[in-house]
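If you scroll down you'll find the structure; I have some questions about it.
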Amino acid sequence: MVGLSEVTSAIEREHISSLLVHGKRIDDRGLFEFRNIEVEVSPIEKAEGSAQVVLGGTKVVAGVKVDVGPPFSDTPNKGVLTCNAELTPIASPFFESGPPDEQTVELARVVDRGIRESKAVDLEKLVLIPGEKVRVCFVDVYVLDYDGNLFDASEIAASVALMAAKVPEVEVNEDTGEITVLDKKQLLPISNIPVSATFAKIDGVLVLDPCLKEERVQDARITMTSTQEGNICAFQKGGIGTITLEDVDTVIEVVKEKAEPVRDLIRELTKEVRGEI
Amino acid sequence: MNNVTLVRKEPSESLFREDGLRLDGRGLDELRPIRMEVGVLNNADGSAYVEHGKNKIVAAVYGPRELHPKHLALPDKALVRCEYRMATFSVEERKSPAPGRREVELSKVIRESLEPAIFVYKYPRATIDVFVQILQADGGTRCASITAAALALADAGVPMRDLVVGCAVGKIEGKVAVDLSDVEDKLGEGDIPMALMPTKKVITLLQSDGDFTPEEFKQALEMGIAACEKIYEMQRDILIERYSKVREEVAEEQEEE
Amino acid sequence: MVGLSEVTSAIEREHISSLLVHGKRIDDRGLFEFRNIEVEVSPIEKAEGSAQVVLGGTKVVAGVKVDVGPPFSDTPNKGVLTCNAELTPIASPFFESGPPDEQTVELARVVDRGIRESKAVDLEKLVLIPGEKVRVCFVDVYVLDYDGNLFDASEIAASVALMAAKVPEVEVNEDTGEITVLDKKQLLPISNIPVSATFAKIDGVLVLDPCLKEERVQDARITMTSTQEGNICAFQKGGIGTITLEDVDTVIEVVKEKAEPVRDLIRELTKEVRGEI
Amino acid sequence: MNNVTLVRKEPSESLFREDGLRLDGRGLDELRPIRMEVGVLNNADGSAYVEHGKNKIVAAVYGPRELHPKHLALPDKALVRCEYRMATFSVEERKSPAPGRREVELSKVIRESLEPAIFVYKYPRATIDVFVQILQADGGTRCASITAAALALADAGVPMRDLVVGCAVGKIEGKVAVDLSDVEDKLGEGDIPMALMPTKKVITLLQSDGDFTPEEFKQALEMGIAACEKIYEMQRDILIERYSKVREEVAEEQEEE
Amino acid sequence: MVGLSEVTSAIEREHISSLLVHGKRIDDRGLFEFRNIEVEVSPIEKAEGSAQVVLGGTKVVAGVKVDVGPPFSDTPNKGVLTCNAELTPIASPFFESGPPDEQTVELARVVDRGIRESKAVDLEKLVLIPGEKVRVCFVDVYVLDYDGNLFDASEIAASVALMAAKVPEVEVNEDTGEITVLDKKQLLPISNIPVSATFAKIDGVLVLDPCLKEERVQDARITMTSTQEGNICAFQKGGIGTITLEDVDTVIEVVKEKAEPVRDLIRELTKEVRGEI
Amino acid sequence: MNNVTLVRKEPSESLFREDGLRLDGRGLDELRPIRMEVGVLNNADGSAYVEHGKNKIVAAVYGPRELHPKHLALPDKALVRCEYRMATFSVEERKSPAPGRREVELSKVIRESLEPAIFVYKYPRATIDVFVQILQADGGTRCASITAAALALADAGVPMRDLVVGCAVGKIEGKVAVDLSDVEDKLGEGDIPMALMPTKKVITLLQSDGDFTPEEFKQALEMGIAACEKIYEMQRDILIERYSKVREEVAEEQEEE
């Protein structure tokens, strides 16, 4: 993405900025308004769980695969959770094939932190034989179309995919350590629903859910992920601009109001599969 | 996985039902349900989405565009590049995100099946990039990928002398049958992925594994060509639909002005 | 190899093509004639099996190494067979060091398919303890000199190396799962001898076993591998040209006649070591 | 490790002593001991060594210098690059020498925390390279790395509009505390790494994991800013000392002549 | 480092060379004089052993980590020792990030040979359960500042780090094969102290411990590592110049005199921690 | 391999027979059988095949030729590059196809042993590429590789001030002996690979591992030089033979015309 901001004409920036001083955005949204969110639950039958999220012009697919393996040696009593992201060249002429770059790694790790630190998945309940065999959950996010704010689209997709996932039940023979994978399915143990909100800071003005045109001219990016209790479970400033305490206050206030409707949407979408509110 | 026993549904004893049809109710020359969509992505110059059975495939095309690094450019024609990638969750066991040897080979044969249809000499020193992402795999991914990629090329406005359409033909319990499903592919005796330039009636992809007598092989090719022609109808229809939609949109915009 | 055909002068192409319309080739062979095939059996004593094949100006060495390891989880009752190719820079100024490229991977996989689909090696007989320990066969082909048609040279070398291979017998203690490697040697269980035939299509004309000059101007390449029963166990069209049903018919007809002498040669070469016809 | 049991000292039951101080005797707003040194390397254009608690960090800067390969150069400003690497022996369990995903992310956020302070538009088409080597890690490495890298940038004479200084704030047993040590980081409830441009009082790095109420988060930021300001005093002092030393050396050399 | 000698002006070379014919060096040392050696023992508390060595303007840090793992299959009754070097870009504008290059690999392997062939670490004593579990020692050398002669600086750092290393004692339950890592520490079994001496050959003249300016104009490099018995346990000629039998004689003579003081320094530095002379 | 026991022939108790000769019947200063061939490949500019004991080695040379990418070119001389690679099946246990650290080091020392003999200043900005492929390894591969590579360089017509010839000397059961075989290398006390420019009598490769007294080391070098000189005779003979063959062929061709 190096050089991207350079190729965007100064004119574009001035245009966006001049609208912002009047509280307007290039796509006529309010400063703190999400774009339209469309979610398809479980589009990938072969994944244990999956979700496609379209956020404005951004489209991502998340898939969850669950396997059995050893725990990490420093957390013998926890299942394993791994988030991975792929910025496929399909999604943007600026994405290239090859091993994950900085941008990809950051996306994966911020989504991972949101899920992990909110305790979205109750990893203790994924242990089969303590210290030896646990469930291993892979959450893989593929970006198919990039129109800004990959963070929130990916976080929603990952959450829905995890909540919609159905994994085979297993029987553990504690004497022999043998594990039998049954034909019956069960849900993953979900304890929380993290919701992230990403802001672009452009000429001192914060806007929620930036589109690509806004991202290209942003000075800084702020992603804040909140739990259903309203706490902050992940925060990530990006970009080469600076932010202030006031920016953080604004972000916290906006998230208070805007995260819950997204969480409700996720709940609503997975209500049926989980048989709960 | 060590010490992990999988209790899975036994595959049925036969790939044919009592009424002689295949397990999913198809006849030997019948295709699985196919759904196509064109122009599904915003950023790519052209794109398409194809569902073929349970295959779910997105194809995107960029170009003709300038090539970096420049020393790779061809002096007399466009360089066609292709990347075929499977999502980690597209198959039963999670696939590593890094491309494997199968993906490398399929990228090559898909590229070689598309290039004959492209007027590459119109764009010396340029590149045309084709990306195929398998979201779900269900037997015959490379063929459905070619169908999707050809649509994406057309959607990108890349000048082509013909479309390209792919379909596999296989052998199950001694019978030649088109368009094997996943289970037929795994339990069957052979598979012949092929691609056709349908108006020229020439073959641009032809591979085979398994065991075919020469007669079976020839029969398979003929059935495959017929199957490809059916898929081509769908390709053509979806492109006509797409063009008329685009035309309408342009017309509407002009009216608004 | 990108750009290679471009650097070949149009004159070269016209020359080859103008001969072909008269049924002639630049090296005076018939259209469907293999070049001279020279095979050295077991040149590499440290490999369990090996062969050097010189096909015209093309030279390859194949080596077979056999180890003991776990089977693939989806084929617990089969041994493991892996084909690998190395296009060393020694063989051509156009080959580069580094991880295998498209051309190398295609070569390895087509040779692999020929062996695997013809059931040349009876993998079921390579199982030592079902689901746990099987023999693992590595077939590695090194290209030393490249004068066209790597496919057929490699396929012959791989077949001879497998047929000539002598692997240590093993004793399995079924109680403890311990495997003892004995000093006595045995042959690999061979059920079939695949023979591939590769054609170049140049200006509509098919020729068998193209030399490098022909390959450089070919529109398409066809490799067909047949079993000793005369069946087709692998087929691979390569190149950016097209082929027709008639081309396939021609290939099938030519293979009917030309594969058996190659198979006889392979049989003859390994007759002594295998103690059979 | 299979079949290997580690008998390690049980971590103490509380992260606070009976007298209410933290295990290492610090109050909630107290920093660990910090030692800084500037100009520690011969070959780099600028360098610094920082000990922050048991963190031991070397930072080196090259540039502004010409960029290879040239097509990466930016037409209007210097390209700032950063590599953050941990020595294999810097952590409890030996780390693989190859950079992991954590190192890739930290390289990015460290770079983004430094660039706002650099007058990058003074050096179009050039590069400024920042290398950070963690010799020993002890909680808060990224923050101490930023402190060290800013010193190295200053030592290299790279024109800056401000220094940058890093410090983390965390939550242990429900209390917000600055500059968590390794054990506090592992057993605590959350960690907020941050970096400040101290004279401008703007934040250039802000991350968080764990669980903070909005009030705790704001309190943490304020404590973090105060902590950063203390570290900034040390940064400034060490640079003044360095400059006067350099000035003395130059003076002595002139006298000798 | 390709091209480095080319950019050094011929003038620099002539300057150094013209001094050498008078037996003088650019930094006023004798031809066979080491630069000042400063060693910090155990600077890295988290490493089992560590050392920082400053040799003139060259600075390296070596760290030793010790783990438990399987032995190599061909040496079931030996512990595992692995030397690795990292030429970090911090140390020189000519070092680049990425997988180890030729220069890095050579450094690591020469240091490794010195330690291994002198039997500095008694690998037999690192076996816990023969054929199954042994101690695995990683010696990692990080170069922080490069002013010539990385070999000797690294060898000293590695030796001191190994001698100063304290590893947890373990208890082996021979019935169950379980290994308990105790809280008590012990020293590594050290049998020898290798000392390397590196020479540059410039216009036919040998000098000990070349600085960077000398290395840049050297024709050949010679590193000889000797044991405490005065034997030669490793030798490595580098560079694109040639050496003579007389050069080797000179090197052997100089090493006889110059290695022991370095060995004494290493002994002295680790006397306290090892509680021995 | 877990749970796999290898029952191999016990290595014999001594590396010497009762008659005092080595196991393969050689005296201490005797070489293994050596076979050389020049011009064995069609595509390379120069090539050679060397069998030295059971070592089987192919060397190929390209150049002097233009260098890509150009920024690697040296302004005043040719860049010599070397790649030493072992076939997966060249050793007892299958080797991974990816080059290991040993191959990286040997590529470097082989290059440095050849370059002194090449008139590199005749070809500024060019490259001379040497590729060595070990088909079978049997102790002393690097030395035999140098012998082969020098022949390939001569065959390519690269102007050289001398040939280069390699041979190892080792110590077995306390005795210095030339040209150790695989088993002697493994069970012996030390090995000194060396290479010589024979007419100049200067050493271009010298390495050592194991344990040698200074006296043994010097004795080894002298025996090594003598052994190299014997191999050099063979090198010279094969080149003369090659040249006269080429001359004959040219003459025949001229007669035919």
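Letters are used for the chains, namely A, B, C, D, E and F, taken in the order the chains are written, and counting of residues starts over at 1 for each.
Keep in mind that, in the parts below, a contact is a pair of C-beta atoms (placed from the backbone, for glycine too) under 8 Å apart; a residue touches a chain by one contact, two chains touch by 3 or more.
As the structure is a computational prediction, the values presented were derived from the model and not from experiment.
**Q** Find out how few touching-chain steps suffice to connect chain B with chain D.
**A** The fewest steps needed to get from chain B to chain D is 2.
**Q** Tell me which chains count as touching both chain B and chain C.
**A** Looking at chain C and chain B together, no chain touches each of them.
**Q** Among the chains, which is located farthest from chain D on the basis of C-alpha centroids?
**A** C
**Q** Farthest chain from chain B, going by mean C-alpha coordinates, please.
**A** E
**Q** Could you give the separation in Å between the centres of chain C and chain E, each centre being the mean of its C-alpha atoms?
**A** 48
**Q** Using mean C-alpha positions as chain centres, tell me how far chain A is from chain B in Å, no decimals.
**A** 31
**Q** For chain C and chain D, what's the span in angstrom between their mean Cα positions?
**A** For chain C versus chain D, the centre distance works out to 57 Å.
**Q** For chain B, which residues are shared contacts with two or more other chains?
**A** 1, 93
**Q** If we trace the ring from chain A over to chain B and keep going, which chains do we hit, in order?
**A** A, B, C, F, E, D
**Q** For chain F, which residues count as touching chain E in their complex?
**A** 1, 72, 74-77, 79-80, 93, 101-102, 104-105, 107-109, 111-112, 115-116, 190, 192, 197, 200-214, 217-218, 221-222, 225
**Q** Show me the residue ranges of chain C that touch chain B in the complex, using the header's touch definition.
**A** 2-3, 6, 73-74, 100-103, 105-106, 108-109, 113, 116-118, 222, 227, 230-245, 248-249, 252, 256
**Q** What residues of chain C sit close enough to touch chain F in their complex?
**A** It comes out as residues 43-47, 50, 57, 59, 61, 63-65, 67-69, 84, 86, 88-93, 97, 99, 133, 138, 140, 142, 144-147, 176-183.
**Q** In their complex, what parts of chain B are in touch with chain A?
**A** The contact residues of chain B facing chain A are 1, 3-9, 41-44, 47, 54, 56, 58-60, 62, 65, 83, 85, 87-94, 97-98, 129, 131, 133, 135-137.
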